[in-house]
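You will see chain A twice below: alongside chain B first, and alongside chain C after that.
Then we have the complex of A and B:
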């Protein structure tokens, strides 16, 4: 049985190779791509926030679902955070409020999916629409909520602009989320059971595990992770812009599925998702620096997703794993 | 309706039919002769070849060897359409009526009446004709425009029969027609069949219920292992004899059953009921005991097992596990009380095909291997031990379960509960779809469980298997336990007679 491990190597190689290839390509073609400042900007601007949302998505996909409302959780977190700071609450408390705001979105999804039994795709699509309307109602039809520059506490700016030992805080937070998520998904009972739910839910039920509880926990976790992004984003730009979180949605889904090629069995996994986000980030930044028309960036991203998925799929098929 | 002039001649004749699927022979030289005007019964255990034989007549399969004659003429290439043109029609429980069609559309689908010489449908004519048949044979009217989906099982069957009658059938083939009917509806069906027979229609009647066969048919053919082992006039035989013919196989050394003295009662079921499914079910299961349950689909046996594991909520009665009354219908609570279920649909409910052997084995017992973080080397060791103990053939504990054979997948499904240290095992059709060698290993495992003090309940429709591995057997019929047999002093035929309701017939007759 040498073929599967060989093909598995190839499938994993596809993602790493694609990353190395685009990196080399832009190093050669895009002026300034290799500069330290640019690479740091890739990490902070193109990687950190998307990585957190994509990891949230990885949990949903792992459990056999999807969460189209991750952006809604980002927005609700951002709105709650800004509102509480404006109301004069301590920043730490306001941040907790932000996380709770995001978690609320997950709770709503949990009721729809685990309680009523609506499919995750439709349930979270509904939440996406409802969330957008709620935000418009809360903001007089979608007006941004600014924090007056004078009134912003220093602690508030720290999440987005601070640094520890020279490392930007957003990157540190992302690293913590990545490490935590990796442990939870790959090494804990919850992660294992969520994975089993995604692979064959009825076996989970027939094994005496409480399926609705696991599903509900998954969607609350997804939204809570996404809510972290709401905090960082708000701290960075000191404004809440309604429905802005949805910008992460498609890239998060793309990165998660690109990441599945990194697993021998094609399962969603945290390291794969991180590599997927890096790949998308490098491509976006590189295309921008190459002076390519903005609209061509999307084409590049799409082609990239196709090719990585195709190679990964073909390899697993050759190994008889599909 | 059909002419009775040539009564007694063969209207359907199958000679030495051989039919293979891949390497397996479903039929190995089966013959069947149905005579004009008779009501001919066809019986056999699951896998005996009944459905293959019926599909051959229906033109859905083609024989590899042998001849098929209808009305004295041999056909090589029967198609479903041709068979209907020859006047042979099928009433099948599962045969699909399009649920979104109206009664009228379903009745005339494919042979709509038209105004002569035009493409226009004669709706009034169709309505008249179906109303006339419905009135004449069933004494009822079905709304022509009702949707099929709105009809009961019995009404759907009436639509099927009416559809066949519109075409003036010579032969009607009934394939397990009473499976979804209540007693009263079944009685009406029997009346109808007798009447059609009196009018000269030939009937081929396939049923698990031997009582029905004895009641209704004049001739019966018994299939076993792909061959017809007997064709008898019903007047000269009995349901028990027919049952004995169906299962006649040497039991031999298949069942390595250890001698265990049962211990204390661990599962005490009293008057358990689930409305519409089963009622007043009581039994006790002791440590070290292997109890068998058997019954036809819908007899309630499977539903009892589901209720015990908390998958369905009983509507009455009590269940005590080790003396403690159980209230919740919740598999999680059941497994905490050390109950284990190995479900019938192994590939859907028993094992996760895309998880590894290890991940499957420890799925129900992750608590044992994790305090927050899973101790992966401990779960691996545990799995390797169980793989060795159950002789699971796999490339390794990291292989996906879908790469294993059916028998080895089933062993993984059992290993999951051994890892959970379960004490009461509910095995639902544990050897369905596994080869004979794996079957014997599963039988050995059942014996080993009992020896180690587990209580085992085996639900199976394979009666020989039950007699071989259990201490006693409860027979379910139409929702209740009709009889208990000690396994060592009972013959398959006796049980089969009860399973199929032959005693019901005796009771009706006496």
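Then we have the complex of A and C:
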């Protein structure tokens, strides 16, 4: 009995150890890595947006599914936001419109998954493709929608570039989303039921809970969280580029599943996901600073994800939990 | 044209029939069979309907030259989708925990880059082909080791491998186009007999060989058994892990072959191979509707690849924006999967 529990302890801390090792490595090798300005830039540029998308993904995976259309939700939110601001609507209203645009994607997924009963992978893959086509139709074949720099309202810039008490706004939003997601998943009835759905959906159904309703709510929530990224992204770069949100997809999946190695039962969890995103962000930034060829950075990141997954899964297998 | 593994379908239908007989309700099994036939017929009917509409409305659609072009243009995606189909057959159709290979498109990109770089460095086609196929096989071996030895879920293992491979391609090509033109490549991309491109013949020949192995040999039957009922396969003494590892090797090799084809088709290696990934996944998944039991088959995947190819081609001939194609692909997969899911539900009810 002693060995399995030792192995499972190892699996659990592989992620923390990897993060610490990578951090120490770059602190020693990459000049300027430890400076306050750089660490802040890691958080704002490499961490904040991906963390929100990965948290959304964590919800979907927790409930036993997956959402390949998180990028589509980001895009729809971004498109609605830019269009409404261009049309002269107040920024607050436009932001609400953006969130609604993202939620629309979730609603579509909810109908497919909870209503018809399609497997989440296929349903959201279909949504991804349909969403890409819709965006191209809306933008004359995929032209970016620019906001004229002169006409950008102050409140709009605040979301992407502003700061409160010296803390950049994107970081504050990320912290709120992470904290909110943690509270919902770990401390609320809805969170517990969603987790139960992921572990044993049939038990949820036999317990008399309305499984389709829970699943539908989960996917709408996932897309709405992803939509927050659309707002921040748009106000940072003041442009909407069709289908650009898909860039987050694979890293979000990677971070979520890297995070599962942090949980004793190998389940997706908010702290694990945050650590996973942090690991990806630190590696991306550290490789950049260490002067390594830009193209080797992707190889390095891939190898690192691979190693963490290999250690995590191998240990879990040793502990007899696969 | 439409074939499944010869034994499993029979036994499954027998079990269904027996179940229906024992419970005294002939309805569900028979109804499902009928509905399945209708759906498969429906998919074929849609395919034929689309062909008919295009041939009536687009003047050049139904010429031998055009059909050959579509076949040639579908060759790369078709070979990749067939590789993916092998992995899905051996891993089971649950896409999250079952078989999937996300590294295929990146594999094609790196193999093409290796080929073009070897040619640039002054080596012959023989070495370049070995290099490309070897690259593909090596990537397949890494996937196989990650899934069967380290025990990583295929979705994640191949995702990480995809990142590494895409990075290696960037390192090798510095994100530029590497031109390559040799007599062999020119011969591959040229027109063959009857004005049909050589690539079209390669696609058909490749499908024929793989379909023969997967659908008609004991090896292929075991591949289906390993994917559909791993526990039963293990109990029957089949080396499940070896089959799964073998499927990743095969799909890696398909990636290498697709790399060679793409170098010939594009006269070099280009960036952006990763964009092929999701269309290839959709093609492989969509292929199940063209099979008798709605399972992944090699011929079904070929039909699905051709279907997408004809859609793109017809839209181009009719001057309809090709941006609609991805939407049509998405809608198709949703329609198909909804229909299959609703059928399955009817059976359970």
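One rule holds for everything that comes next: the second predicted complex is superposed on the first by the 314 of 322 C-alpha atoms of A that agree within 3 Å, B and C clash if a C-alpha of one lies under 4 Å from a C-alpha of the other, contacts with A are read in each partner's own complex, and residues count from 1 in each chain.
Heads up, the rule we're going with is that a contact is a pair of C-beta atoms (placed from the backbone, for glycine too) under 8 Å apart; a residue touches a chain by one contact, two chains touch by 3 or more.
For clarity, every value in this text was computed on a predicted model and none was experimentally measured.
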Next on the checklist: Just to be sure I read the superposition right, which of the two partners does A:35 touch: chain B = first, chain C = second, or both, or neither?
Outcome noted: neither
Next on the checklist: Touch test for A:265: chain B only (first), chain C only (second), both, or neither?
Outcome noted: first
Item to check | Partner chain(s) touched by A:199 [first = chain B, second = chain C, both, neither] | outcome: first
Item to check | Partner chain(s) touched by A:143 [first = chain B, second = chain C, both, neither] | outcome: neither
Checklist entry - Can A:209 be said to touch chain B (first), chain C (second), both, or neither? => result first
Checklist entry - Which holds for A:187: it touches chain B only (first), chain C only (second), both, or neither? => result first
Checklist entry - Does the superposition put A:116 against chain B (first), chain C (second), both, or neither? => result second
Checklist entry - Who contacts more of chain A, chain B or chain C? => result C
Next on the checklist: If I apply the document's touch criterion, which positions on chain A are contacted by chain B in one structure and by chain C in the other?
Outcome noted: none
Item to check | Residues on chain A engaged by chain B in the complex (per definition of touch) | outcome: 1, 183, 187-189, 192-193, 195-196, 199-200, 202-210, 265, 321
Item to check | Residue ranges of chain B touching chain A (in the complex, touch as defined) | outcome: 311, 330-332, 334-336, 341, 343, 348-355, 359-360, 363-364, 366-367, 370, 372-374, 376, 395, 400, 416, 420
Checklist outcome for this item: Note: in the complex, chain A contacts chain C through residues 66, 112, 116-119, 121-123, 125-134, 136-137, 141-142, 250, 253-254, 257, 293-303, 305-306, 309-310, 313-314, 316-317, 322
Checklist entry - In the complex of these two chains, what residues of chain C are touching chain A? => result 94-96, 146, 150-153, 155-157, 159-168, 170-171, 174-175, 278, 281-282, 285, 321, 323-331, 333-334, 337-338, 341-342, 345
